[in-house]
Amino acid sequence: MVPITYYLLLAAALFCMGMFGVLVRTNALVVFMCVELMLNAVNLTFLAFARMHGDGIGHVSAFFVIAVAAAEAAIGLAIVIAVFRSRGSVNVDDIRTMKH
Amino acid sequence: MSFFDTHLLNVVIYLPLVFAALVLMLPSTEHGQVRAITFVGMLLDLAFGVWAYFRFEPSGAEFQMEYRVPWFQQFGMSYHLGLDGLAASLLLLTVFLGPLVVLASTTYISHRIKEFHLALLVLQTTMLGALASMDVLLFYIFFEAMLIPMYLLVGVWGAEDRRMAAVKFFLYTLVGSLLMLVAIVAVYFVSGAPGVRSFDYGTLYNNLLAANQQLAACTNGPEGACASLTGLAATLHTYGPWMFAAFALAFAIKVPMWPVHTWLPDAHVQAPVAGSMILAGVMLKMGTYGFWRFAIPLFPVAAQAARPFLAVLAVIGIVYGALMCLAQRDIKKLIAYSSVSHLGYCMLGLLAVTSEGATGSAYQMLNHGISTGALFLLFGFLYERRHTRLMSDYGGIAKVMPVFTAAFVIITFSSVAVPGTNGFIGEFLVLMGTFKSTLPLGFGAFATLGVILGAAYMLWMVQKVFFGGITHRENQHLRDMNLREMLTTAPFIVLVAVMGLMPQPFLERIAPSTERYVARASVGAPGATQAKDDQLRVEVMSLPSTAAAARPSVPAAPLAVRE
Amino acid sequence: MDGIVEFFRTAPIPPEVFAPSLGLIILLPLLGAFVCGVFGKWLGRANVHLVACSAIAGAFVLSLMAFWATSDAAGGRVVSMPNAFGLERDVVRYAISYDYGTWFAAGDFRVNFGLLVDHLSGILLLVITGIGFLIHLYSTSYMEHDDGYWRFFAYLNLFVAAMLTLVMADNLVLLFVGWEGVGMASYLLIGFWYTDSAKAWAGRKAFVTNRIGDFAFLIATFLLILTVNAFSQQADPRDYNSAGSSRARYTQGLLEKGPVTFKGLEKMALALPEGTGGAVSLATPIEAGPLAGYTFGGVMTATMLLFLLGAAGKSAQLPLYVWLPDAMAGPTPVSALIHAATMVTAGVYLFCRMSSLLVLSPTAMATIAVVGALTSLLAALIAFAQDDIKKVLAYSTVSQLGIMFMGVGMGVFWAAALHLLTHACFKACLFLGAGSVMHGNGDETDIKKLGGLYKEMKWTHATFLVSTLAITGIIPLSGFFSKDAIFHGVHHNHLHDLHWVSGFVYAMGLLITACTAFYMSRVYLLTFTGKRSPEAKVAHAHESSWFMTLPLVVLAFLSVVTLVYALPLMPRSGGGMQPVFENFLSPVLRPAEAVARAAQTVALDHSTPAFVDYLIAWLVALSGGATAAFLYLKFFPAQVGKPVPAFARAVRRTAHNKFYVDELYEFILIRPVKFVAFILFRVVDALVIDTVLVRGTAYVTEKVGLGLRRLQTGDAQAYAAIMALAILGGAVYALLQVLS
Amino acid sequence: MNLPNLTLADFLPLLPAIIMVVAASVLLLSEVFLSATASRGYQAVLTVVAAAASGAVAVGLMFEPPQEVFLGFGVLDPFSSFLTLVVSVGLGLAALSAVGFLRKRGAERGEFYALMLFASAGMSLLAMSTEFITIFVNIEILSIATYALTAYLRRGTRPSEAGFKYFILGAFSSAILLYGTALLYGATGTTKLNDMVIPLQQALHGNPALVYVGAVLIAAGFAFKVAAVPFHMWTPDVYEGAPTPVTALMSAGVKAAAFASLVRVFLTVGKGMDPKLPLMLFATLALLTMVAGNLMAIPQRNVKRMLAYSSIAHAGYLLLGVAALFVAAPGESFRVLSASSLSGGTPLDVARSDALRGILYYLLAYTFSAAGAFAMVSALERREDEEKGTAWDLERFAGLAQRRPGYAFAMAAFMLSLGGIPPTVGFMSKLLIFQAAIDVGLVGLTIVAVLSSAAGAYYYLRVVVYMFMHPVPEGAQPLERNWGTEAALVISTVAVVLLGILPGHVTDWLAQAGTLFGQ
């Protein structure tokens, strides 16, 4: 029986990895995936706590998150495509016309 | 109980706004009509203003012609108007300048005439409102709103460097007044418990009075006697100086006192003749008026502590301003700096806290409005003809413009306070008050130096502009004043003589306010003979409705969620 | 005989009837000024002349009535006015007054439009309106070619009005109105020909210099007000008794007429001396108020010294005399009226008016006397080397005023007043004569370029000679007596603890007499005698019209007959005889004498001059005259062509350049002020406050904004990074909270 | 497994949202049957009508007694209803200004308005939700809609770039928020705000670390939505790139809804922790936001971007009000961040309700001023210059007073209102916030606030200077007029002035809204 702390730490680690990925990766798609990773880390946390509390709220939340993440993915990919259309690249470093 | 018994002040204040609406309906090409309507509006306003002035009963209550209705109550504000002697006098000055300003601009302003007159009318309303406000926040609103039309006057119809001057004027004043806003709200909160506190001047003052007296007693008592203070007095002991500082800064900028005066020369130089006249005539008085009405009476102890400092600034202002004038080449700038000097007298008179000084100060406010206003007016005429402000571009024009010269010289004498003109009485009273006050004799002596320097720079300017031979060919064919210009100038000259020879009618109306001001200001003074309570307390009408001002909004029971 | 006396002793209009119309004396010229100034252009020359002259004439008649009223003793009942500050029985004799009510009042201060005519002001009224009228008459002809005539007469009337206010005022502030009013009028008149900027500058110089005096005057007034307050708080019944008053009456007086009336001040002066006993004396320190700690005597000294500075401004004494010579830029009648006869004597009048206060402070008196003496000598020396006839006369005026100050300073008020009177006559005559000379010689003022006029301008010559003799002090002309009366008094009066003063001043006096005689004779000789100078503008001078000569004659006549005043013809109360004028002014000066006696500050002597005194003075004067005669009739004509010794030239240059006093002032006073102003403006105002502080704030703000803006790189990841960092910071703070 | 029996009473509170959603669906459906060339004027009208209707309903709901909806997942109280009103106002104004904007670009399509409506529905629901998952879902509803709106215009690089940045950072922040939620859930075992209170207080004695970190993360999530420094970085870029009406909606509605939810969450969560933490949190945010927002706006010549920064600054003033909510006890000394003992014996709950009132009024005021200002920007911008980024340059405003005095007057009113100069609503609202802050003793922070707003006046005035004091640039083609824009301008101008002079009735409601806050 693995203690809950491990799950939490794993989730935290995943979250941080995702966050870090968002900060450093240059490909827009990968960045977006990192965000997804963060969301899943959250899901993990929810489930772990749900297990701890032994109630359904955590699971429900997780499902909601997954659903919302799907919606986000839809719009996000559309935007990425729009970006690609307008400047022929999805490199985050190129997307900085507007500044200051 | 006629309509005017209750609404006279409202009429005086909002009449210009009504006429502004009329002007708004006119097509902007109808210059003549726009001017005519504005002028008529100002004249009517003058009539009502004079009526109000004469309705004011010197021996009557402190505040008269009051009008008060609830307004924004849960915030402790009410719409409250009223006049005391000083306000009445300044109100008279304001409405007096109104029509003359319009006359003065008929040829001076050549473009965007409709907007110009709109701005004038709105400005008039805001100034009158500020003078008549009995609610501190109402005063603040008018005090701030005043900036907008003046800002436009300077910025749109001003001279070459107008934008800078306008923005400078606006921000300079804004910074000070915003800090004052914080102080106003703060003093509102400390002034009492939710039920009793209000932004109304009377309530506010009366709430603070007792605490101020306690505080004064301990401040002038032995060392550390104030440690034992409790409640409001303690708060005032800790934060009073800060609040006073905020008020003082706001008004000092407006006055303007040295060293926060540098917006004035720019604003004056760039403003059109109307702007300069109103700025000098009325706006600067808002500063001294603010000291008189709010800053000093509300925080007598802090004011007492700061008095020597402020008095030093005032004296510096007098001498420094005069010296600045000697260094100017630009006539308008010279007049502007002379305002700094004159307003220094007003401040000194206030800070003397003697009835002579205060009366002189109040009278000097009127004088300055008239003499400096007239100076700007006359120079405006000259500027229309030659479009230059440099003394060196004039010289010897007395030959071609004798009437103009005569008028200018008369006003000059009034401005250097030659006995027989209005200027003398104000200056004399201020100086005497200073000598009589508890300030060291040196203050009076240094201030009196202004008498010499004043003559030096004004006559110097007159000399350079009017006397000697005509040095520039352009000046050879300047035409003398026409009828309109004479008509515009005449009232000023008449007033210079009238106020110089029979000031009593004016002084009588100022006197009661003076006595009260002195009583209230000397609450903080050590060993001041405590004036009678009826001198100190502010008696104002209470809200007609039963609703108490500043009803606290009581929180309801938390939502019944879980049972 | 008694009939005649009785006639002269009953005023045609009873005083109490006449008193209310005192104001007219001022109003008439004022009205004239208004009419001439506003409508003069349309009225035309003749009407303007008519209005102006008749206004003054009317004022003169009224003044005559007033004067007459002040001497009214119909049925042995001497005219008298109640003294608001004294007890009921204590009235002011030989004086009429009228109070037109409050001018302005604030707090416990009040000023009334109160007019007072007694013998002192009465005689001055006559001088002002009388000589004023003559000079108006003279001007009608003198200004006939100037088209600014209407302005001229407006200003002249204005001046007369102001001067009358000054003289008739019964309180200091109202007096100050006249005081500044005459200054203003003289500013306008000196700069009358404003197109010549040098003349206009002279006007400004006069006004500003006077302002320096007024600055002192104002402060002195305030000090007096403070002293009165302190006195009314500290005095006790004995003080009031000794002043012939009571607390009730005195405070009542203060309430009704304010603290600055001369009568009130007189009462205070009477109460102050130690001799009277009581709570307040000169040595008493003031308890409360701004003056706390100073003694009454000390404050009084300070006040009087300040008044001296004020008077020095108006009466052209050291250190403020510099404006008067330049003031000659104005038209000559102006110089005659303002800068010789009336305005410049205001200082003397002031001190006579406040004699009772003045005698409280020997220090101040000594200072006045010494200042007078020094000014007088300096002016005389400068006058030696002036070639401009008006300049010479100007300096001689300064010198004569100095003599009057000597008299005032030594307590011979009556003699000073008398000299004021006589000087008004002969100096006016001299100026008008000079004017006539200029008028007849194409406005030539350089005496070197005149000469030999005695043939061409007989009337002018005759009158000029008479008045020259008068000023020189030759028996039996008025100047001699008045001047000698002063010197006699100076010699025999003694200031407490300052005995050296009388000796010193007397010696100076004799010296001055000699100098006066010298330069006056010089002017006279160079102008009228000898042969006509080759450089003269016009070959033949023409005598002026009778409009101009008549006044000359009248004035010359007056400058002879006024000697009567100096003759000891009246019985002295203590036995013996006393000069007419002393007796005449005694009602005015009696309080001063009482104070002096009580306070023992100055020992006033009333002996009439012995023959020896006369002789000395006469010889001195004669010697001066004789030297001049010798030099300019014999010596110099003989020297023509010979080289002048260097030292002589140096001395002459120095004197000619007025000992470089103007340059000195320019250097130590005016330049520095201008420089400081300039520096303050450029450095403090423009640089420090406006640029550094005000614009600096704006600049810094904007720069910070620009800097922060740089953080907006436009890179989404950078944004995210910053967010992450912020969160990290927040989390750390939160955890710290937990741990603590 | 028994389903909760929901009555109609449960749906009544959602009426505004429902109206919006229905309208949106109608738009979407009708769009299907329209040819590319067909006139689409009705769409804006329909949107405006829907906004008006929901606003009216919201006003009506304001007088309903406070009640739970959906078993405590949401709550109906004057607070939420007033926010719905604010949102509808923002929506209406944005839609009006969109008419001309879209027509100029030939981009009139139903989904634009539909997305706006969806977003607004999300906002109004967010204001009501009292349960974390609901909050999250609603945030996502409004976010996703606005992501799409931001990138709506397909021409040019800017819209897509803006959309991308907004999307990435938005997702990032919502992930963070979500993580915070999870932690709180872990600490308390529930996601309903009302049920949380007691467990939180227990947790405070147990292990508060979860709670605290969770709170910080949630705060960060909201701080992103309300554009508080340092979570503001996306704002200028997105506001500039997005279609101007959308910017209006974002600056008005999104901000309002986010603030509402923020206040709700923290008033509850705050009970479970040492009040010092939220105070410090929000005081710091307020300080940074006010100062940085104003300072960074000063050098902007690009008016749209300047307004973006100004909206950041305004978020700062609002945060000042929020911070005022969390002052438990005034300290003694005079510091910038913490409260000094100035308070005049006002009971804290009264002070708190004053602060809430201030926030609400400020939101309304800001909505009118900002929406109006953006409407004006949208009327003036030239799409030819959009790529160069000079479409919104100050020059576009030069001499407006001669070309269109009415426009100039309106814009001046907005600018003064944003600058907080009387007699405009901006002044009144600032006054209420400052009052609340001073009442609880946040004097130092208030002084910073007024000073920074003085600095702010500078860049607002600069617009006025250009409009009134600069000559008309030559070659300025005439401004085409448009009923939508002008309607928006008139409405907001009138509101800005009237609410400034006669705030009476609104504040009476607010008194209710502030006090009857379900706490």
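A, B, C and D are the chain letters, set down in written order, and residue numbers restart from 1 in every chain.
In this text, a contact is a pair of C-beta atoms (placed from the backbone, for glycine too) under 8 Å apart; a residue touches a chain by one contact, two chains touch by 3 or more.
No experiment lies behind these values; they were computed from the predicted model shown.
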**OP:** Would you mind naming the chains that touch chain A and likewise touch chain C?
**Re:** D
**OP:** Please indicate the chain closest to the centre of the assembly, with centres calculated from CA atoms only.
**Re:** B
**OP:** If we define chain centres by averaging CA atoms, which chain lands farthest from chain D? Would you check?
**Re:** C
Subject >> Between C-D and B-C, the pair joined by more C-beta contacts >> reply: B-C
Original post:
Roughly how far is chain B from chain C, going centre to centre by Cα mean, in whole Å?
Top reply: 39
Subject >> Chain centre separation (chain C, chain D; CA means) in Å >> reply: 78
Original post:
How big is the gap, in whole Å, between where the Cα atoms of chain A centre and where those of chain D centre?
Top reply: 26
Original post:
Quick one: chain A and chain B, Cα centre-to-centre, how many Å?
Top reply: 64
Original post:
Which residues does chain B have that touch at least 2 chains other than itself?
Top reply: 171
**OP:** At least two other chains touched by the same residue of chain D: list those residues.
**Re:** 164-165, 168, 172, 176, 236-237, 458
Subject >> Sites on chain A at which at least two other chains make contact >> reply: 19, 22, 31, 95-99
Original post:
Tell me, which pairs of chains are in touch?
Top reply: A-C, A-D, B-C, B-D, C-D
Original post:
In the complex of these two chains, what residues of chain B are touching chain D?
Top reply: 71-75, 112, 115, 137, 140-142, 144-145, 147-148, 151-152, 155-156, 162-163, 166-167, 170-171, 174-175, 178-179, 181-182, 185-186, 188-194, 197, 235, 239, 242, 552-556, 558-559, 561-562
**OP:** Report the residues of chain A in contact with chain D in the complex, numbered from low to high.
**Re:** 8, 15, 18-19, 22, 28, 31-32, 35, 38-39, 41-42, 45-46, 48-49, 52-53, 55, 57-58, 60-61, 64-65, 68, 71-72, 75-76, 78-80, 82-83, 85-87, 95-99
Subject >> Residue ranges of chain C touching chain B (in the complex, touch as defined) >> reply: 37, 102-109, 173, 176-177, 179-181, 184, 187, 191, 194-197, 200-201, 204, 207-208, 211-212, 214-215, 218-219, 222-223, 225-226, 229, 289-291, 673-674, 676-678, 680-682, 685, 689-690, 693-694, 698
Original post:
Where on chain C does chain A make contact in their complex?
Top reply: 709-710, 712-717, 720-721, 724
**OP:** Over in the complex, which chain D residues touch chain A? Could you list them?
**Re:** 132-133, 136-137, 140, 144, 147-148, 151, 154, 156-165, 167-168, 171-172, 175-176, 178-179, 181-183, 185-186, 189-191, 236-237, 240-241, 389
